[in-house]
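Two complexes, one shared chain (subunit A), two partners (subunit B, subunit C).
This part shows the complex of A and B:
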């Protein structure tokens, strides 16, 4: 093996060793491009843009990268998928369906699965990526909410995020329906029923969408146009807006030494953050590929082609539609008949009312909170969930409602796998969707306040050192040591809650009528919002605590120096 | 000839005698009885065996089944008038062979539904029980093995022979019948599904073909009866052929997660997808820039 010595310095002089050719070439290209496109000025700032580092800031990235995987695998699938409802006789590789009549859409899905090289992997990756896309949007949203990152100036980005979640769900539903298999056809039939449940316009809407009576022969091509063109375009535009706003607002950060509302402490885009984010892309791609290769998802050949006369047990939508399906499963059979028109409340409430309502509540949360708290300041430092107990408790209550409804969507699977009666599960959940969120709210709020007290305890009395001291009387006590300064700073780097306006103050303000009532309502809500929160210790309290801690430390040291238990601790603490 | 005429004439003189009718009757009975005994001895033996089998079955029945189903299989009602053990007078041998042959009967305890469990009786005992219950009334008999032997699909494509091509056609046909009639309760892969009030449509994969045939024929527990008028024997065979294909076919798409549909898929998306990815996010965030390992450790 010969060694390349061409780049090794040949003298001991001050001249550097021969430079590699690569960087020069890259520099030349960069220069060429810069002179024509002015990239340098644009990139100079952005390449050094700083992003703070925390695992929870990468959750949105999962959504972004799985969206990229969706685009890539989706393009692959369009090369073979035939979005047509023309009835043909299947003549592909899968024996148990050969000769069966089905739509071209279904036949081409089978072709992708069995006859296109890598097709099944791509199909499953596309579907797994969709499941992960929506799941990661949701956990990203949880992170943003729990840390207070939705506060001014980021409320609109929160709204965009909610719209992305909505569009992702619709995109998922349309995509899931495209293969025209028995399961997805059942889902489309359900959607047809939901539309028809809308008072007055229901039937018109259904006939309009399906181009006549269900199933017709237009729904798959229409869903296809929505799925590959319309919704992805809106999604892309909104993703771009979401990220531009992220860059414009700068990323939020956790409080800590050196971190303020005016700066961002972290790593620059190049080389650190780009490497991390780029690496994460490959990890997301890899995990999705593994899922696609190892885990079966929507085995359409087992379902067979859609046929309105058939149905299968375990017909569920994909997970993100599970919660309205669950509400639909547990709602009592309420109907009203007026003048020969049936109002199916059992469909209208869980499907036509609840999901849009939930979305509107989500979108309104930042605005409701800032109205109640009266906080119109900009916030770039995050809050720990415990420091906003009511906010945290509201989201946990919503999550509990979501989770219970979601569980109801799988009531049949729960019944057979846990040997329970589906009726009892249904009765339990009917009550639990109302009671569960209330319990969750109370527990979470008290839990947060306990954690706040724990923080206060640590600040004022130090952390548990693990050093046990026995007194002459034989009692044991654990010594507490003061927190390191950095940690103490982080714990105290939060604002005190404002003092809520009292109802009496509002009444004294001289407002009249409706305005007065609204202000009084606000005052009450504000009092409830901040009720029982623990405020951070004052400077004097901290100073006092520090003094006390020094004394204790001193005493402990002298005790240790004097040998085990020769002097008892003083009685003054 | 004269002699014959004379003796016949002598006989015929007695033809109106008081004992003549009796004698003819006795002769006739002897003749038929003798002929029957001479020509059908095997049948008579089977009858005797059958009787012994029924007797054995009755004894087993009195010990193991009569407590709920009554001494003569007439069924037992509770004081409230609901059924304690249903009447077995017209269920037929196939029902017994299914219920006892899959371990569902005898029940270990009362419940929403008798689950499949370890079989308690031997094949001979099951045969005896079936024979006894069949003797109580009407009902379908235990199907012949030919009816569910999917290696004999019949000449479906009309080329004059039974071969793999016929079997393929049988499987395709069976799949469509299965999806139209069975999946609504038993799930698209026969993994089972929930029924009201703690009942369930059991998993039907890996079940003996005979038992599947009998289940369709007799409609055990909450299942409908798919009589031969409803699903003809050859279609029942087709369904069995499709189920066998599902058992034999490889999982083309990876782990099937119990073949339960989107619920288990959703769990995988959250646990195996998001769970793993969040783990990676924590890992990436925990590892940050460093110029050397030593320095990084010193800072920590």
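This part shows the complex of A and C:
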């Protein structure tokens, strides 16, 4: 592109086009601050710190900004919310509940919704932001996993991210329990059932948390302390640690021309990245505000105050609690009474075992992968999901399990909306949560390998140009053209998989006993991990293929040129 | 640097790259706003206009805040509330316009030269490590903690014991469970004044003849409304105590054809044949899975479905679980009629109601 650069506009110069006002005053302030804070040294590198650009890097930002919205709207709500279970008679603006006895928590929630201007907006924004917070953390986590961004040196940041997801979920549960309405009370009652099912200490946990028998009058104030103080403080500290590590490691980037393991290419924090990130904060904030204004959720006034003898049909927790609730629905009625004690497997497995297990599996994934692959190198270039087929397949299998469990959490809604038998749905899902992930694993792995083969084909034989040519004999062929250099480079800028150790090699290594067995297991896992992956072509293969393609194309074209009739079917052959 | 493994300076190895030589960063492309003063001016006006629109939205927000009613007018505009909708829309767009304006500014007018920064390994340099280790060793050596095991061990012991204090202080979070989960207020009736079954909400006693076949009634013990009648202190059934009693004592009455009932066995192995009154059976409303109140009745089959996790119980067959995750039948309350013909409980439930717990089978009843 030829451009007359002399015409470049004024704003992009390093000198301001017009003299800014008061550089002296700004300089004096900067000097004052630097003499006390040493900002000059601290900011030397950071003001122009480079951040690479890609749409998927925005997902974590959504989580960060929705957390900020949660803090802001949450503070507003605390100004009116009364976390007390003292029973009062409601006499606020909402007519259908006037005169009804309820807890102060519920009454103040109604006050925020109906008697404080903008209160309902803030309540709904807080709830929407919570759901978006957790959703964006999960999607961000998938992005990090599928692109291999969790690899060394970022494993600990992955673990911190997992803890953030856990804390966000607990924060969400304690938060939506606070209004003390019928739906949230039903959730708390279920939580009481979960605690009571815990072996040995169950009833003690329940009595201590509730300050006596369920529901007591302590749970809302206690949840409140956790919700506005304890958990947010830990969340904030972990978010800070997450960000600091991000700055220290520098962001990962996609491979491409000029982008290597040793550098990071992108825009400087000041001004472009700061503007984009800052502007994006306002966009996230604005979208949440629109959701809060236009889309009603958790209409607690319709459910009414909590009453342990009542329940509404279609009771469900917030979406992120849906998958354990789904497992709770499809678990068979297993309960063991032995030696005078009770094991409620129908609660222990879906609630006390599965969610912690899922979290531990997630946290362990980076360490398991690096142990299996033996890869201890630092990685700063991202991988496409297809280039790590087993890794991708593992997560898709986990996602399938999650998705099916989540669907089970809505089995009653599915049954009603789709006019199906709830019993059949439940029986189906009992099997599907086991079979589904296996199918997903196999399909994903093969799919990734097909995509790898497609990439290889493009590299070796060029891309499909869409131009069909016909030979004098009547054969048709599509003209393939070589990939542009930048694209070809990007496709090949990836690691070759290491050659897995064979079991024979391990046996020959002279190891004994347990160590030998572990090494053999690792060798087998490694072989399975890399099995059937397509390696990128070597320079010679590429050269040969290009040469061949050029030759073929040339031949085809010369045949066509020599043919009797270039514009129509040949008549006299 | 394309083909070879590039050892990084600390012995670790950075990943390899491909068979094609890195063509290097593509040439910078000038944007229309960089080279065309007219389009630069246009972009500048667009950004300012977005910020201006944001200001307009804030004014709309203020107008909505001070003019639109809240309170009982919440249902104006499709049930969303005029105030809430107007505040949300105006504030939302005010924020969005600022965000879009800033990003437009960044994309069109701010410098768009990509910069390259070199990475460093996360690991410290060998020199730094050495210095740090030396400092650590010196510090530890000077403290003498390695040479004075008596101090070290007594400190560890003291710290461990101090940790007990905050744990112990959690003791008063709540009372011990004791036998509280084993009984309900249904057991507070006496042979002279058995506990009446009353309709939940309106608290009226129920004559056996009030119920048709197939009727389901949600019930509570009379003591919650008439504590004096059973010599119970009224504060025992107020506020939080009322909620606690309801969470265990909530009851379901269902009338079916007497011949449909298959009487089961009670906890002591005796038949439950006298537990119903002319086909009226009473069961705990609290699910044995995690404790939701059960409410969905299928009239033709006498099946009762829990709306939380869909456990289904057959009330004609001792509350047996016919579907879903619940592990135990619903507890049945033996009922009869008192001198005035009202339905009453013969006794308390013969097992703990609600979700299972570890020591559930512990106490003999």
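Criterion: the second predicted complex is superposed on the first by the 516 of 573 C-alpha atoms of A that agree within 3 Å, B and C clash if a C-alpha of one lies under 4 Å from a C-alpha of the other, contacts with A are read in each partner's own complex, and residues count from 1 in each chain.
In this text, a residue touches a chain if its C-beta (ideal position, glycine included) is under 8 Å from a C-beta of that chain, and two chains touch if they have at least 3 such contacts.
These figures come from a predicted structure and were not determined experimentally.
Once the two complexes are laid over each other on the shared chain, residue contacts for A:276 go to subunit B and to subunit C alike.
In the superposition on chain A, A:411 makes contact with both subunit B and subunit C. By the touch criterion defined above, A:313 reaches both subunit B and subunit C. In the superposition on chain A, A:420 contacts subunit B only, with no contact to subunit C. Look at A:494: by the touch rule set out above, it reaches subunit C but stays clear of subunit B. In the superposition on chain A, A:227 makes contact with neither subunit B nor subunit C. When the two complexes are overlaid on their common chain A, residue A:379 makes contact with subunit C while staying clear of subunit B. Contact comparison for subunit A: of subunit B and subunit C, C touches the greater number of residues. By the touch criterion defined above, A:302 reaches subunit B but does not reach subunit C.
According to the touch criterion, the shared surface of subunit A, contacted by subunit B in one complex and subunit C in the other, consists of residues 95, 113-114, 120, 124, 267, 272, 276, 279-280, 283-284, 287-288, 291, 293-294, 296, 307, 309-315, 411-412, 422-423.
Across the complex, subunit A is touched by residues 1, 3, 6, 8, 12-26, 29-30, 33-37, 40, 65, 70-72, 74, 79-81, 83-89, 91-103, 105-106, 109-112, 114-119, 121-123, 170, 173-177, 180-181, 200, 218, 220, 238-240, 243-244, 246-248, 250, 285, 289-296, 307-311, 321, 323-328, 354-362 of subunit C. Across the complex, subunit B is touched by residues 53-59, 61-62, 95-100, 113-114, 120, 124, 128, 131-132, 135-136, 139, 182-183, 267, 272, 276, 279-280, 283-284, 287-288, 291, 293-299, 301-304, 307, 309-319, 322, 409-413, 415-416, 419-424 of subunit A.
On the subunit B side of its complex with subunit A, the touching residues are 112, 168-169, 171-172, 175-176, 179-180, 183-189, 191-198, 200-201, 242, 245-246, 249, 251-257, 259-266, 268-270, 272-274, 276-278, 280-282, 284-286, 288-289.
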